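Presented sequentially are two complexes of chain A, the first with chain B as partner and the second with chain C.
Then we have the complex of A and B:
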């Protein structure tokens, strides 16, 4: 069942350097209990999308169009009261740097308890008890003692667990995690992903924003690849990794280091993300795309379904079958903005991408 | 000749990678001892000898002022001790202009009042003016500045332009004008000091708030559904208040000096009050006559108090903000 529907979202930042189209016509959906990975370079609009979900965009940024429906309710233009109930209550958010996401002047337990107080009627000692229970839930050992400590006494991994605990305080249906593991070292990352895995098993939907394709492969059900504010590919994780369509996706995948790979240098996607105040005409990826043709400079390609048969494993389409053909047109299916010529491309030179499977897919 | 760089060095032996060592090393974090930030700040403050000395002097002066004469509240004596040997207002306890002696350690003034008693008692005025005026200025300045910084827009413009206008007046001129309009008296003097004192705090906390609202935990609090008022009061102001506390501590001294200056100009309390500044003012003729004790002792009291406050203020700054090198915050006495 659909929990979150984002349709044609437009976010612009009105800066002195011009109007920056940070998110441009983005559509995706997220089901109850589903795990969606959002990947892309810095500046692709991943974080802006996440902030837009809760209408947290700050001043120069504004949602200029489209709709965000959470559990059937429109978020764009919602009253401050409803937004406050939504924030933390239905959608929890985890930020990149746990050390700065906790207020240094309060104990960790107090901060979790505050989040509990905002979203429940508990008073007296009850919020604190619930905070300790939440800290226990996210795997903090000796939670009662740790609750009385200040953020600077927490290691990065523990602090991020505490941030997750505050995000869980309102018992949300969706957890938006904005690069939750980027500031942590690899072993702690793995532990934290285990925690997310554990939480998602309890029917919590997770929108995971990350640079790490390995994390997406391991954790997510579906993935959304963003480039310059647009979705360029949307697919179940297996399809994305074994059969990437968009050249950008293929480029990202080829830049992932692999064990046993003896190349000296990893291939990169040449160039940098375009300045979104004046994006290139046509397909935004064309200046960096090894397959670009004349047509690419003129036409901005929409997302289209890949292949003839669309895989539709769940009944989501049948249930949300209403009069919005564009949004629910096979969201579980593999869709890409460019049915690239990756298949018959010359892998030797430009894009060095290959997949090795363990035991076969 | 090539040489193995490892020759002649000890071998590094690594132990503890066994099975049970693993379970002991999860990331449970650092220490178990809970040292709150405040405790650490207090610790740093205590190690600062000058600040400690200043604090002792202030506490002693405050105690002397409180115990100088009995305190009555509503006819009930709540503090019966009288350290001052004479009533500070009683004239003729001895002949006028007596030099310091055992009976009158600080001598007597023109009306034959005991200067020692007056200096002790005068601490009540000076100290309470300093503390009350600064507290009230904080009560006015901190909310206004914090709201200006947090809300921004026309609210910010309005409040900050008002601050600019008040800043444009020389402090004494403004205070003189206010006293001239409203008249003399303890609360009017405090009012004049507050009216010129709050702008500094408003401007200071506005700047701090502007930087604090950019921090992640403020965004995190918004993402948790906390309202603006809650965020401002619980997350923004507590994180922005440290430099204001430092400034306020230092300003107690400035305010006492200002009160003394107004008293010296005859604009402070009623003439004849045992306030240190007024005592200086009343005694200024005696400088020519050679009766130095009439002015030196109240002046010394002011000097000692302001010096102590500055020492404490420096200590507070170092304690709250150990990274800042001193001299970042300055008092406004230069104006």
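Then we have the complex of A and C:
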């Protein structure tokens, strides 16, 4: 069942250097209990998308178009009161750096209890008891004693667990986690991913923003690859890693060093992400794309279904007659935004990248 | 065996937790044992990686090896000379051979200096080359690291993260060093950019015959770039050897845990993951015996009881591979029993 539907989302920042199109025509859906990985380089719009979900964009950022429906209700333009109940209530949020997410002058228990008070009817000692239970839930040993401690007495991993406990205070249906493990050691990251696994098994949907493709492969059901504010590929993780369709995804995958690989040189994605105040015309990736042709400089490719079968074809809201990415309801089809997959495009050659596997399927 | 280019013998670095006079008077001052007795030989032309969790002392060891930190005890030698014994002038000369590339290029570059000034500063400080030639040398250094001479007039804020890190590398290269400590050189960068910087580091090594100490927490980066690896835990080395030996059995249980925690970019990967409990214990009060025994997946009854920590011992049949765990050969059977 669909929990979140983002359709044709546009976010712009009005800066001195011009209007920055941070998110441009982004559409995706998330089902109850689903784990969606959002990947891409810095500046791809991953965090801005997450902030837009909760209307947390700061000036000069604004949602300029599109819709975000959470459990069927429109979030864009919702009243401040409703947004307040949504934020930290039905949508919990975990940020990259736990040390800045926690207030140093309150005990950890008090901070979790405060979130409980805001999002539930509990009063008296009940919020505190609930806070201790939540700290226990996220795997903090001796939670009653730890609740009386201050954030500086917590290690990075424990502090991040406490942030997760705060995010769980309103009994959310969706957890948006923005690089939750990037500041942590791999050993601690493994512990946190175990915790997220455990929470997702309880039917909590997770939108995990990360730059680490390993984390996506391990944790997510589906992935959304973003480039320069747009979705360039969306697919179940197995398809994404074993049969990437977009040249950018293929480039990212091949740039990851792996233990045991004997490549002397890593392939790179040359160039850098474009300035979104004046993005390149046509496909935004064409200046860095090894397969770019003349047509790519002229036409912005829509996100279209590629290969594979559409297991749940888009139906009710199918639009036609424009080049915008088609919004679809929660299908798990494999989609990519590249002219190579657009029937009437003037694209000559084939994308000839492929995935090498060893001994596997 | 060839003589090491840089070596550490019995290296110890301690920091006080509090510096104030009052703390000293009241005896509140405690010591963080960041590096706690390390012996390490770095061979000319090799890349030695230093890995471990945050707080294990790897950056401190890296800094001590180029004498950015004076050791509390033990010696650091470069070409056989004890760096602590050198005069200030000799040490300054020696610094041309020993360079450091910092983790965060945004923090290590002065925002008020242009890229050209930042690189030229290194030439001026060490008085390298005729003054009139230096700007041209800056331009060619920028080209060497994959930037354009035209970047010299730009400020760090006008560059991307990857470009800034290239400036950091150009600055280190300016003095024509022998040994470069690269402290997490790519951990602040995106994968696509990271690959370019890693390729650059290997190209430069080949071109200039550099020796690297690569401080890193990302084991896949290490596997890609390094010849040998030293695994560090709470200020001590627990395993040292060639990459292919350290990254394959037999393992120190800590190395195994680190390796197994790296998420594989493969959704069909099915392996056994050891998830260590808790975090690294405090370095002010490390556990007795083997420091790792409190988190070790195969800890035996006596691991916390030794008078001293276990020493690095050569692995049978693998010259050059040493593990500081007398029970490491039980890893397979013990983990299999847990399954």
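As a working rule, the second predicted complex is superposed on the first by the 317 of 361 C-alpha atoms of A that agree within 3 Å, B and C clash if a C-alpha of one lies under 4 Å from a C-alpha of the other, contacts with A are read in each partner's own complex, and residues count from 1 in each chain.
Keep this in mind: contacts are C-beta pairs under 8 Å (C-beta built on N, C-alpha and C of every residue); 3 or more make two chains touch, one makes a residue touch a chain.
Note that this is a predicted model, so its numbers are computed, not measured.
Asks: In the superposed arrangement, does A:237 touch chain B (first), chain C (second), both or neither?
Replies: So A:237 only meets chain C here.
Asks: So in the superposed three-chain picture, is A:75 touching just chain B, just chain C, both, or none of them (first/second/both/neither)?
Replies: neither
Asks: With the two structures laid over each other on chain A, which partner does A:105 touch: chain B (first), chain C (second), both, or neither?
Replies: It touches chain B, and chain C stays clear.
Asks: In the overlaid three-chain picture, which partner chain does A:169 touch, first (chain B) or second (chain C), both, or neither?
Replies: First partner only.
Asks: Between chain B (first) and chain C (second), which does A:157 come into contact with in this model arrangement: first, second, both, or neither?
Replies: A:157 sits against chain B and chain C alike.
Asks: Output check: A:148 vs chain B and chain C. Expected answer is one of first, second, both, neither. What do you get?
Replies: Only chain B; A:148 stays clear of chain C.
Asks: Give one of first, second, both or neither to describe whether A:6 is in contact with chain B, with chain C, with both, or with none.
Replies: Touch status of A:6: no partner.
Asks: Thinking of the overlay built on chain A, is A:85 touched by chain B (first), by chain C (second), by both, or by neither?
Replies: After superposing on A, A:85 lies in contact with chain B but is clear of chain C.
Asks: Touch test for A:138: chain B only (first), chain C only (second), both, or neither?
Replies: So A:138 meets neither chain B nor chain C here.
Asks: Which parts of chain A are in contact with chain B and also with chain C?
Replies: Common to the two interfaces on chain A: residues 155, 157-158, 188, 191.
Asks: Mind pulling up the chain B residues that touch chain A in the complex?
Replies: 26-32, 34, 36-37, 215-217, 219-227, 230, 234-235, 238-239
Asks: Going by the contact rule set out above, which residues of chain A touch chain C in the complex?
Replies: Per the stated touch rule, the residues are 41-42, 155-158, 185-191, 193-194, 211-219, 237-238, 241-242, 251-253, 255-261, 263-270, 272, 360-361.
Asks: Mind listing the chain A positions that touch chain B in their complex?
Replies: 54, 56, 83-89, 92-93, 95, 97, 100-106, 114-115, 118-119, 141-142, 145-146, 148-150, 152-155, 157-158, 163, 166-167, 169-170, 188, 191
Asks: Chain A touches which residues of chain C in the complex?
Replies: 53-54, 160-163, 190-196, 198-199, 202, 217-221, 223-224, 247, 257-259, 261-269, 273, 275-276, 279
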